[in-house]
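Below are two complexes that have chain A in common, paired first with chain B and then with chain C.
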Partner chain A sequence: MIRYVQQVEALVRKDLLLELRTWDRLSAMGAFAVLVAVLFHYAVDRTLIHPRELAAGLIWLTIVFGGILGLGRTFALEEEDGAIQGILTSPVPKDAVFLAKVTGNFVLLGLLVLLILFVFGLFFQVGLGGNPFALFGVLSLGVLGFTALGTLYSGVTVRSRMGETLLPVLVFPLLVPMVVFGVRGTSLLFAGVSGAEVEGSLRILGSFSLVALLAGAFLFRFVVED
Partner chain B sequence: MSLKTIRWGAGIAGVLGVGLALLFHWQVFFWVPTEASMGIVQRIFYVHVPAAWVGFFAFFIVALCSAVYLWLGEERLDIAAVSAAEGGILFTTIVLISGPLWAKLAWGTWWTWEPRLTLTLLLWFIYVGYFLVRSSSENERTGRRLAAVVGIVGALNIPLIHMSVLWFRSLHPQPVVLRTDGPSLHPDMLVTLMTALASFTLVFLAIFLVRYGAERLERELRAHDSARESGKGVPV
Partner chain C sequence: MSSPPARPAEGPSRESPAEGERTSSLEAHALVRAFGPIRAVDGVSFELLPGELLTVFGPNGAGKSTLLNLLAGALQPSEGEIRMGGRLRSHGEVEWRQQVGILSHQTFLYGHLTAEENLRFYGRLFGVDQIEDRIHERLSAVEMDHRKDDLVRTFSRGMRQRLSLARALLHDPAIVLLDEPYTGLDVHAAALLRDLLSSLKDGRRTVVLVTHDLTQGLDLADRVAIQVRGRFEFFGSSVELPSGPPDAFYRSVVEGVLGGAGGAP
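== the complex of A and B ==
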């Protein structure tokens, strides 16, 4: 068990270090998030509706579109130089590789979410609502499931001729639970309800993430094996 | 299963299925009583509902065969999964065409964000993804494995998708057949529905068997060709 955690940790550290050296994915996702917020400003007619009223939905869409950019590159670097073979032939279990990739991606997407909240606060005066803990609960549970699905399917699309264009086609149909309950919980919290009222959303987001994580950890070996 | 059995099976299922299709169309147009509140348009129900059942059943076969294929690596299971997926696409397409036709007359709109409608649309896209992964993979073996993963994850997500779209309260008519207190529709309507269901199931079986046989032959032929090209002689 301890060994397993150490293996995951080593892989996570490697991925995060790679990201810190280049800032490839984070800068692309971050720039995307800010630019989308700018475009939203012009896409929404302020005389009819204030973007604040759509904030929960816009935030989740920005997470989905920005996140898919980063998730699509999960295996790109390793596939290009063949390093993935080294990881796969090492005695680390495949599920540990998957969980490490999910953890690394989750950290990146977490930073993306913080940036998005900041940008929406700055541009559209969206606050955190009365209950920031519940808000972070809703956001992180939803993003965890999204990350697990995106990581698994990024392993699928990296071996396809269509590459990253295929990723949204595969992942978006599966994101409906996350968007429905993520947006619902987030907009309730923006409206200032107490944490207890979003419990239902939290539960469904939790089971969504759990299913995605377990399915991914189990099926990942079939995605990478040859 | 030998190819001969497959051919006979497909032939019999096809003839029976088409025969029953003629019969249920006669029932729909001339025999079954008109539903009181919705009127004549309700007759689309006899195409729509069985197509949905068969389409969902096909997706269940895809997930099951994919899971066992990953477990045992038996190629015939992959052939079965892809054949069922093609049938599934066909029948969910029928659902997605017949649904809006009915909805336009009954609800006054082509499309609403109604749970079962949304679920069927998403299922259709999951199937499309299944075929895109299969056809765009760097080699065929990888494509089969990746498509199996997509088939399984898609099926695992169905209950969650269903639950979440249900939250957007339903306009869709409530079930009239699979209820705990027994079917609530007129016996003639039930007979018509069951004829249509039997017909669609047999047609699905026929399509499935034809595709299964063809796909198997194609793969045998390709294996034969590549064995000859590599100079290893013809496998027996």
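== the complex of A and C ==
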């Protein structure tokens, strides 16, 4: 078990170090999030609707569209000079590779979410609501499930010529429950309700993430093996 | 000229090694790997004793790299079995890969990590003890210690190949698989590699070398195989090779299968 954790840690550390060296995915996701917030800011007619009422939905859409940019390149650096083969011929269980990739992606998407909250706070005057812990719970669980699915399907599409186009087509339909309950929970928390009132959303998002993680860990070996 | 008969390996031993014995013999039995209708590896059988070096020759598309990937644990066989020290590969994939080091066409290195960071990463995946000492030792062996802090993307092809060899040997594997290791190496680096390969023949390791270079391939070989269309058309001890130029024998074997399309190894 200790060996397993050490292997996951080595993979996560390597992924984050590569991202810090290249800024490959963070720059793309961050620029996209800021641009979308600016566009939404000017697209919403404030004489008809208060932007805060739309903020939760727009935040989740920005997370999904921005996040898919980063998730789609999960295995791009691994393809360079066959590095993924180096990992797959090492004594690392396939599920450990998957969990490491999810962990690294979750950290990156966590940074994206913080940026999105900041930018939407500026343009849409939304704060963290009355219960920031519950808000981070809703966002974290939703993003975890999204990351698990996105990472799995990124492995499926990486060797496809149409991979980056195919990824959203495959992943987005599976994200419907996450978006529905993520938006619902976030809207309620922006409206200032207590954490207990979003317990249902938290449970469903937690279940969604758990199923996505377990299914991904089990299925990943079939994705990366010939 | 007709092709000499194939010389299949003797039947593999099914006995498990004694407890604590280092597992280093390698055997394949009726090994097949198909990609759709194409059998890239087609009924290959061989047995290598501890310390032996097998060189596999063959024309392009003969299935040599597929065979190495099967031995490395990167591909699943369609049929047949592979054993290391009597243990089936399928009985412990992770343990199998712990015992194997592979040098491929691709280096498996990350261009945005330094030489030392690449080795440290792989060392952690393989659970290498005293990792810093081992990294220093391997980098010195391939004469790359002076570039340990440089990003791999700044290295020439030959330097990457040397670093990749250090990566493949970092965890002191019992089975070493080398796919065209001389590719991209200059004269000095090729001589360095030859010395390193000689040092691998310490009686503890089994080495499978795939190469097109007959001279370098035969230089260290204990056993020789010529693979054509997935099959071992010749397998035997290097001393069993007929006298005369080896390329003539190679051509006779390949052309016996492919007709006049055998070409150079």
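One rule holds in what follows: the second predicted complex is superposed on the first by the 225 of 226 C-alpha atoms of A that agree within 3 Å, B and C clash if a C-alpha of one lies under 4 Å from a C-alpha of the other, contacts with A are read in each partner's own complex, and residues count from 1 in each chain.
Definition applied: a contact is a pair of C-beta atoms (placed from the backbone, for glycine too) under 8 Å apart; a residue touches a chain by one contact, two chains touch by 3 or more.
The model shown is predicted, which means the values in this text are computed figures rather than measured ones.
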Contacts of A:L152 with chain B and chain C, given as first, second, both or neither
first
Going by the contact rule set out at the top, does A:L115 touch chain B (first), chain C (second), both, or neither?
neither
Output check: A:Q7 vs chain B and chain C. Expected answer is one of first, second, both, neither. What do you get?
second
First (chain B), second (chain C), both or neither: which does A:I87 touch?
second
Touched partner set for A:M162, first chain B, second chain C, both or neither
first
Tell me which partner A:L174 touches in the superposition: chain B (first), chain C (second), both or neither.
first
Which residues would you name on chain A as touching chain B in one complex and chain C in the other?
225-226
Note: in the complex, chain A contacts chain B through residues 149, 152-153, 156-157, 159-162, 166, 169-170, 172-174, 176-177, 180-181, 184, 204, 207-208, 211, 215, 219, 222-223, 225-226
Residues of chain B that touch chain A when the two form their complex
70, 118, 122-123, 125-126, 128-129, 132-133, 136-138, 142, 145-146, 148-150, 152-154, 156-157, 160-161, 163-165, 167-168
Per the contact definition, I'd like the list of chain C residues that touch chain A in the complex.
72-76, 94-95, 97-98, 100, 102, 104-113, 117, 121-122, 124-127, 160, 167
Note: in the complex, chain A contacts chain C through residues 3, 6-7, 9-11, 13-14, 17-18, 21-22, 77, 80-83, 85-93, 225-226
